[in-house]
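By letter and in written order, the chains are A, B, C and D; residue numbering begins at 1 in each of them.
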Amino acid sequence: MSEFVFLVVTSVTIISALGVVLSNQLIYSAISLLFTLFGIAGLYVFLWADFMTGIQLLVYVGGILTLIIFGIMLTNKISSARLSQTNMQQGIGSVVSLWLLIVLSLVISKTNWYSVSSSEPVSTVDKIGTLLMTKHLLAFEGISLLLLGALIGAAILARKEI
Amino acid sequence: MENILSWLIWIPLIGVGLIAFIPRDRTNFIKIIAASATGIQFILTLVLWKSFDSSSSVIQFAERYEWIPSYNIWYYLGVDGLSIPMVILNGLLCFIGVFVSWNISKAVKGYFALYLLLDVGIMGVFLSLDFFLFYIFWEVMLLPMYFLIGMWGGPQREYAAIKFFLYTLFGSVLMLVGVLGLYFSCGKTFDIIELTQVAPAALQGLTWWGISALKVIWILLFIGFAIKVPVFPFHTWLPLAHVQAPTAISVLLAGILLKLGVYGILRVNYGLMPDGVYWFSGALALLGLINVIWGGLCALAQTDLKKLVAYSSVNHMGYSLIGMAAVIAAGESQGLNLKAAQAGLGGAVFQMFNHGTISAMLFILVGVIYDRAHHREIEGFGGLASQMPVYTGITALAFFAGLGLPGLSGFISEAMCFIGAFPVYKGIVIASTIGILLNAAYFLWAFQRIFFGKLNEKYKDLPEINRLEMFTVIPLLIITLFFGIYPSPYLDLISSTMDSIINHVVSMTTLAGM
Amino acid sequence: MIENIYIQNSLIILFLPLVAFVIQIFIGKRLPRQGDWISISAIVTTLILSLYMFVSMLQGYDSNFTQEWSFKWINMGSFVVELGVLVDNVTIIMLTVVTLVSTCTHIFSTKYLEGDIRYSRYFAYLGLFTFSMNGIVLSNNLMSMYMFWELVGVSSYLLIGHWFEKDSAANASKKAFLTNRVGDIGFFIGIMLIFNAIGSFAFTDIFNGVSAGKIAGTTLTFAGVGLFLGAMGKSSQFPLHIWLPDAMEGPTPVSALMHAATMVAAGVYLTFRIFPLLTPDALLVVAYIGGITAIFAASIAITQNDIKKVLAYSTVSQLGYMILAVGTGVYTAAFFHLLTHAMFKANLFYGSGSVIHAMHHALHEKHDHETDPQDMRNMGGFRKSMPITYWSMLLSTMAIAGVPLFSGFLSKDAVLAGTLSFAQQNPNHFLLPVFGFGAAAITAFYMFRMMFMTFHGKSNMPDLMPDIHESPKEMVGPLFLLGTLSLYIWYTLPYLNPFSTHGWFTDLVVPLDSAVPGNPTAKAIDDGAHHAHHLAMYLSIGVAFAGIGLSILMYLTNVLSAKNWKSRFGVLYDLSLNKYYFDENYNKYLYQPTLNLARKIAWIDWELYDKYFINGFGRVTSWLSKISGKLDFDLIDQILVDGSAKIANLMGLALKKVQSGKIQNYLLYVTASVIILMIVQSF
Amino acid sequence: MNQLNTYLYIAAILFSIGIFGVMTRRNGIAVLMGVELILNAANINFIAFSKYGGMNFDGHVFALFIIVLAAAEAAVALAIVINIYNNLNTINVDEASAIKQ
């Protein structure tokens, strides 16, 4: 059962990811991205990362994606945003990407990964919280500063007159 | 008279040089120079005639200088009985042509310069005995002609000029290929006289890609010359060029240029490839027949007088072709009928000359009426006989000459062609005698429509032919009459050369090779 | 140079009219009286010379008299053409006839054409004609005969077209020339056939060659028929007869000279000359053509109303007689008929000319330019006003009708006797004498019809009568002279038997044996004709009087109504009146199709062949050149030549693109490089 | 089925797709979406290694940081895009090269 669900989640993720890059209309890409993000959240569930699943849904789906859709709506008329969604690199880009995929796959399959599977899942929230406040405190502070900077910067940039 | 032949060729060129230095508004001076250049040339041709030994068939007055030794090319001039009448005719017609074009008003300087250049080319072709030189003069002739038609011609002159040019260029390209074929297969020489001796043996049994080289070269050269003649399927440039060209150029075109074709066939095809004569003479006679009938019928239907005369040229040259085909009568297979061969070949060469004078006359006369009425529609005239009796008389004589009336030169040559060809090509000759009827029909019908009937009111003030025009026609008329009554001077001039051509064709021919 | 007096004389006779022609044409107009005296003195001189020769011929009285002289005209070694002069009794007689009639015509014309705008030109052409006719007569070879033959055609052309302002005259002249040319083609083919076989044009050589068998059988038949075709054209034989009636558009004296007495007789003269080479088959053709022409033309002449047309058809018919005679072998009879016919027919034409002249003047007085002065329906009762014309014409009419005591009787009788004898020997060909006698009857009928309509009865236009006068003496003189020459006595001297042709003529012109081996000898033919002579004579007198009697009944005493007979034979009458629709049918089935063919050919030549085929080459070439230009530019130049530059450029561009400033490109390169690095690393 | 390699492959696929998107899209926002895909692919790897590396939660923390960064990046990028759009009336990245100056 779970394997079937995993298969569904995986295929949703990959297909909708393809939809993101291939669809002609920007808004479809955004919607495809929504499904991709959902799918990835699903993958997190399989990876026993409950907190990350939540964050993924909250931040990505709730935040970034909303932001993106807003951006699309601000910059495009939805109906007319279908032309020339790709540049002329499409052909060579696909080749390169495919090669990249092949190379990566080769690497993945050739590498003998260190892998120990833990016996059962545990709650991740407290562990992450402890780590953030102890081992990664500095990074945590840094990232919050960055976030603040980005906030201010974005606000300034998005104003009509600079 | 050292180098008389060179002088003949280069005197008009000196004229061109002189004209080049005269201001363009001194038109009379230009005309006088042109007249004197051609006049001197004409006198020289007469001198040449006087000192020519007609009993000999060898090349006379030969001049031979090395020109481009690395390719064995010589500056080789000479005359024999085949070329001398043409040389004289050219001298005469070029001289007359200057007076025919006396009233040219547009770009006189250019006109006469080109005119003299044309003269150089024609004279050169008749005199040169080196193929390379021959070909160069052949092309030299072409260019002035193009400009003379294209700039001083009628309303459709550009079209006519380009057509003439392309047609003849096409022919000369084929000729060039043929000439080169001869050059490489006959020991790398351009010397026509030498080739005459060498070529028959050299071409014997030679094949290119399985086809007899002789036939290929014959056809190539024949088409090149046939376009000039013009032989039936290659004739359509002629009416157009004639109609559009200015009168003097039509005169030269009909009088001389068409003769180059026949001259070339006799000089080159007959001389170099006697085997081919046997092979091709039937076709030659047939083409002659088609020329006669087709040209005659076309002339009958024309409404433009000049076009009628142009088609009459097609018709008349047909007789020449038929006569030429008769040469094989002297062969063994035809029972050594030397009589017929002489009559036919002599008739063909005589017809060449006669057509030169007669059609020149006709074109001058058409020009006279065109200058006055500014059109050439046959139906547009009527009753001119009472208005212009002298002109009518002269035209009548010219027309009668054209329709082959005994007492005028055209008859003798036509009759000789027929009589000569008859033993060999009975059917063709009998069929082509219909041409005699067609000749009479189109000339007389045109004559009636132009001169007979009630005088067209429009033309009741038309001036009579003037002295200058008379001066251009009368000499031709006298020649036509003289040779019509007494052809011997001409035939004596050519007969030994004709005999040598016949002998050459007959003796060189080895039917086994065919 | 030439010692022989006969040759000298004949050459003078030949060339003197030519000299007159040249003078007249160049300066005639500027001379007093427009130079007619030059022509007349020239022609009178030739007449005197001819008469001198004639008299010396009579003095010599040698039936074998022959003089020949020739020179090499063309000499190309083997191909030699000799032209020359042959003088024998026939030539001398013919020369006398030509010069006599020509002299009469000259004199007659001075009045008839008085005041004509081209008076001098007219006399010039007469000179040209006389020259060429003499040339035909004197030729000793086919070549020069053919040449003069055509020249005669030209002078005929010029004289018929004398009044070229009239379209009918212009058409008639052209028609005459072209119809003659048809015959001339046959003539020329005949010449070629003979020359091909024998290699000479001279009559003597030809006859020797024929008897030597150099040419025989079908070829000889064809040659003979070919030569005869020329005679058919010139002598206006069926079916080439169409031009002669139209030729009446020319001045009447011309009709008398050329289209009655001499030129048309040239055809007969030619057949006479070539008789020895005609094969039996060819002779049959000749005989039938002649016979058909004789009766056919006569049947047309019955209904014609134009006085000159009647005479024209009668000429055609009489020429048919002569040809018939040649065909049946009695060719000296043909020549005899030629001689007598020349006299009386010329006279008849002068008479008609005189009548027309009078009519013309009378109409002119009345200012009537509508009425046709040649239409007999406008005449009648001229006998009193024009007595000399009447009597002279009556004499000639008697002659042509074949009334005894007149010349025509003798010659016609000889012809008919020959025909009858031929039919007796070849019963299959019984039609030939039927043609002959039938035509004789019809001739008598229509000739008297003409006389009665013109001179007898009441005038149909009485108001003209006061103005109808006898013609001036220049015109009456020839009438008188030739009228008397219609009497038999001139031809039978020194004998006086009016019923026998025996006389100087038969003594001097003796038939020769045919050169064709196997043909009947002259003696056999002569005997046959002699045998048939009496029967023929009775028959011909019978038919002549029958014709005359019918004519008297219909047109003089009006016992029989011509109108009734006309309606009784409605269809035949129409056919005859319209000349059997020959002109219409020729026009419909010959001229128009030829013209249409010519137009089509010209159209094909110009609009189709030239425009599409020849210009098609141009178009194909220009199309090819466009393609090759395109190839040249697009492929060679743009791709290959510029290509190398472009590749360099492209590489530059490619390298430039690396520095495109576009992040995405950079990303691409980075990714690609990473991949490459990874691959490289893995090896 | 549920082992490390599966997730790595999925991540690799997503990564490749993301790279493709970034390379080929003209629209700035679409490029951004490609970038999101790449980041997500990286996150999947982090989480997967975290699970199969003995439940080491450092991976989770990194993933968290990445999400934060992504959010910041998205905010700034979109601000820039909107600005470009306002100025150049297009958000196609290849046309917006005027910004190079």
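Criterion: a contact is a pair of C-beta atoms (placed from the backbone, for glycine too) under 8 Å apart; a residue touches a chain by one contact, two chains touch by 3 or more.
The model shown is predicted, which means the values in this text are computed figures rather than measured ones.
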* Asked: Any idea which chain sits dead centre by C-alpha averages?
  -> B
* Asked: What is the distance, in whole Å, between the centres of subunit A and subunit C, each centre taken as the mean of its C-alpha atoms?
  -> 117
* subunit B and subunit C, separation of their C-alpha mean positions in angstrom -> 34
* Which whole number of Å gives the spacing of the CA centres of subunit A and subunit D? -> 6
* To do: Provide the list of subunit A residues touching at least two other chains, using ranges where the numbers run on.
  => 87, 89, 93, 96-97, 100
* To do: Would you please write down the residue numbers of subunit D that are in contact with two or more other chains?
  => 19, 23-25, 94
* Per-residue multi-chain contacts in subunit B, two or more chains -> none
* Structure fact -> The chain pairs that touch are A-C, A-D, B-C, C-D
* To do: Name, in rising order, each residue of subunit C that touches subunit A in their complex.
  => 664-665, 668, 671-672, 674-675, 678-679, 682
* What does subunit A use to touch subunit C in their complex? -> 87, 89, 92-93, 96-97, 99-100, 103, 106-107
* Under the touch definition given earlier, write down the residues of subunit D that touch subunit A in their complex. => 1-10, 12-21, 23-27, 29-30, 32-34, 36-37, 40, 43-44, 47-48, 50-55, 57-58, 60-61, 63-65, 67-76, 78-83, 85-86, 91-92, 94
* In their complex, what parts of subunit C are in touch with subunit B? -> 25, 73-79, 117, 143, 146-151, 154, 157, 161, 164-165, 167, 169-171, 173-174, 177-178, 181-182, 184-185, 188-189, 191-193, 195-196, 199, 594-595, 597-599, 601-603, 605-606, 609-610, 614, 618
* In their complex, what parts of subunit A are in touch with subunit D? -> 2-3, 6, 10, 13-14, 17-18, 20-21, 26, 29-30, 33, 36-37, 40, 43-44, 46-49, 51-52, 55-56, 59-60, 63-64, 67-68, 70-72, 74-76, 81, 84-87, 89-90, 93-94, 96-98, 100-101, 104-105, 108-109, 113-118, 122, 124, 127-128, 131-132, 135-136, 139, 143, 146-147, 149-151, 153-158, 160, 162
